[in-house]
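Here it is, the structure in full.
Labels A, B and C are assigned to the chains in the order they are written; within every chain, residues are numbered from 1.
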Amino acid sequence: MINQPVVQEEKLLTRPVGEEKRAFMYGNEVVVWAALAAGTEFLFGYPITPQNEIMHYWSRLAPRYGRGFLQTEDELSAGFAALGGIMTGARCFSATAGPGTVLFQEPLSMAEMMRIPLVLVVQQRGGPSTATVIYSQQEVFLTIFGGNGEGLRVVYSPGSHQEMYDFTIKAFATAWEYRFPTLVLGDGYQAKMREPVTLYDPRKKGIDLKPPFPLVGLKGVPGVDREPAHWRNAFSVEEELFEALKPVIDDFHRAAPSLSEKEEGFPEGAELIIAAHGIVGRSVRAAVRELREKDIPVGFFRPITLRPFPDKDIKNVLSACPRLLVVESAQGQLAKLIRIAVGGELEHALKMYAYFRPGLGITAEEVVQEARAILSGERENEAAMSLF
Amino acid sequence: MSEQSMPLSWRTETKPHKFCPGCGHGLVLKALGMAVDRLNIAERVLFGCDIGCSLLSWDFFNLDTVQTHHGRTVPFIVGAKRARPHLVGIAYMGDGGAYAIGVQHLVNATMRNDRILVIIVNNTTYAMTGGQMAPTSLPGQKTETTPGGREPHQEGYPLRGPEMIASFAPGGAYVARGSVSQVQRLSRFLERGLENQLQDRGISVIEALSTCPTNWRTNAVDTWKYLEKEMTEYYPVGELVSPWKSKAGEANRL
Amino acid sequence: MTLRNKRIVMGGEGGQGVQAAADILAQAVFEEGKEALYIPNFGIEQRGGVSLAFVQIGGEPIGSPKFKYAHLIVALSGRSLERLQGYMSEESIILYDSSLLAPPQVSDEVIGWQCYDTIAPEAFAERRLTDRRQSFPEIPRKVKYIFGLPASEMAQNKLHPRVANIIILGATARFTEIVQLESIKKALEERLANKIKRDPALKDLNYKALELGWEAAGRMIKIPVSTGKIFKR
């Protein structure tokens, strides 16, 4: 009786999306359908553009499928309420952006310490400060390393509505399997644009959405039938913390190879690799395709997980072609991650060029132009790197 | 305290507890333990403790317990309760957590009438961090950040939390102030607060006047005197809003 | 051969229905099984300011949602046309609501023709729409063609003032040379489903508006238009 879910797991998983269907949707709506299909019980949220429609769609659809919604007083409350719900064994999530992502660091860091499978969708907007409500890729560091701690989180950076659907579902699977907070890092463009997506029931695709489990509110009288569940995040001495934290960090690193994902294109014989993530990856993919059609030897690399980063893969690609152009709507956040990932000798050999447009969209034409300029020797890589 | 006098819901393995000698926290938790025992709800309770000296209660009870962050215990318990309404949610926090850093959560949970019990330990200071001024520090009270005493002209007058909550508490809410100088009475308030939740009526907010001899730098006599005289004068003890009261004008609250 | 993608940017004053028109266009192309992407220009200014909508349609995968140069630029107001100048290239076709705008000042730099529906819009425009009329901003770049369609005027006289954006949608759709009129009708009907349920006459009204625009565009396309080179300095 005690830990009875509001809705039975069976129902949570099957009802919203039955047969596979192609739809023309806004990204925020895609997120909602993915969360519904993944059997998510609750959304706790606070309004901020450009993620508002996640709350709008959810509050309309949730009652239809027996799910819950609460508009909280701020993002701190949204995050901690989600943590509370999750610890009772309910899949819960939230969505935010910009200054909201800043406030979310507090619940995220509690989730890291206590291994609470919190799922957060971030639709990046311009920064720093209030900046724009439109678009950027400036929340990379905030989502992966924000908070006081070690960045023990999984961060997916999807580049299309299909991936937004796939990886939102996957975020719930990952969070509950590995018990690390898992984020889906979208952006204002992805949130507000409409494009095709195929919705499906994850179970029919063989996606293993393990049933959620409670961490508190367990069966039996605590102290009589069972031990009480006691969860803490504060420790009195250094050694105690170190001992508690070590296995968490080890778990994260052990899981990293199976968690990291990437996309590569045309690496064979490439004389320049162009790296980008998220929606900018689309422009880069299109640019590389166009250049290859003209027999210009360029390839591309797109990390899908920004944390854990696909270190090995990028090393492999860059060992074969140590010339790299990083394209991002931020001032070198991805470029820094790549530098850390590459490290060692390769870092010395690496010629890195930058096309940084903080808070600005980047088109395929710009990428084509920049790649051509680099290949014809019109750009200096050292100068680019000093832009950090 | 002998084993016999311990509430059933207390966890003997973690006793003696970690609070300082003479600390009021232990008494508030005793009052709570007795209330939980009387209602026989240990299996359903989710106890959340804040950061502050309340965090020392993380393994205090034979109750499922989560230590949260400073000021965030209310939203944590709100989320748990919304997801699993069968649980009995208790948010246990200090006056700093409830009235300063987390006051927006307390106000909004009250506005929504979330079915939870919030217990606020008023020791007129930020105890865990070494005795700084709290919203509840009394005028003239010397703290680490008001070495010359709290000066209302500069630092304002102390906040009367339950009175603030009572001023807009929706129908079904239960608001009271108890004191560790009257543990039995405090325990009755807590029991009512829990019953209010069990009956799905509304939020329960209960402040407990408490002691912090360590930061007050008082001996046993002065500690008790400060609690019973200065504090109780400024912070009157009693029920402020109760769905059981049938006073005129409060009928709609039943 | 894959169908090359077309980029369309539409602009107007908030409330003129630009977003709905763009959205319906993209939806219709999607329903035909082709690639489509629509994104509104959103920001703090979205209320009461100029409203832009970006649409990409065709047979190729779509890269970034926003773009630098548009094949087709559709303006429902003077202010929006000014905002749209940045998207013009030599390949651009401009379609504007000529009943709300004075005809363009064709400077030496500016190329093109104004192609009007058979009725002369100017007189009507003068009489009824003087206060709403705005001057046509100078177009600094060379573009391919400029077409003026008195959509508001046509809507007001023939149908209902509210369907001006649908007339423009009909014309825009035809100019893309990608989508069928039937698909637009279907997408429009879907979009208005609730309203049509309440007032079935709306369906016909909107269909008529679409057809008006579609046909007008057909006539405009047939009119031989000059190319940029003739006007080169």
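We take it that a residue touches a chain if its C-beta (ideal position, glycine included) is under 8 Å from a C-beta of that chain, and two chains touch if they have at least 3 such contacts.
Here the structure is a predicted model, which means the values were calculated and not measured.
Trainee: Suppose every chain is reduced to the average of its Cα atoms; which one is closest to the average of all protein Cα atoms?
Mentor: That would be chain A.
Trainee: Which chain is most remote from chain B in terms of Cα centres?
Mentor: When every chain centre is compared against chain B, the largest gap points to C.
Trainee: Rounded to the nearest whole Å, what is the centre-to-centre distance of chain A and chain B, using the mean of the C-alpha atoms as each centre?
Mentor: So the centroids are 39 Å from each other.
Trainee: Averaged over CA atoms, how far is the centre of chain A from the centre of chain C? Could you give it in whole Å?
Mentor: Result: the chain centres lie 37 Å from each other.
Trainee: Quick one: report the Å distance separating chain B from chain C, using the average Cα coordinate of each chain.
Mentor: 64
Trainee: Which residues of chain C touch chain A once you look at their complex with the stated criterion?
Mentor: 23, 26-27, 30-31, 35-40, 42-44, 61-69
Trainee: In their shared complex, at which residues does chain A touch chain C?
Mentor: 24, 49-50, 132-134, 188-189, 192-196, 279-280, 282-283, 285-287, 361-366
Trainee: Using the touch rule from the top, collect the residues of chain A that touch chain B in their complex.
Mentor: 1-6, 41-42, 44, 68, 70, 72-74, 76-90, 92, 106-107, 110, 216-218, 220-224, 228-234
Trainee: Under the definition above, what is the set of chain B residues touching chain A in their complex?
Mentor: For this pair, the touching residues of chain B are 9, 11, 42-44, 46, 48, 51, 55, 58-59, 61-69, 72, 75-87, 104-105, 107-108.
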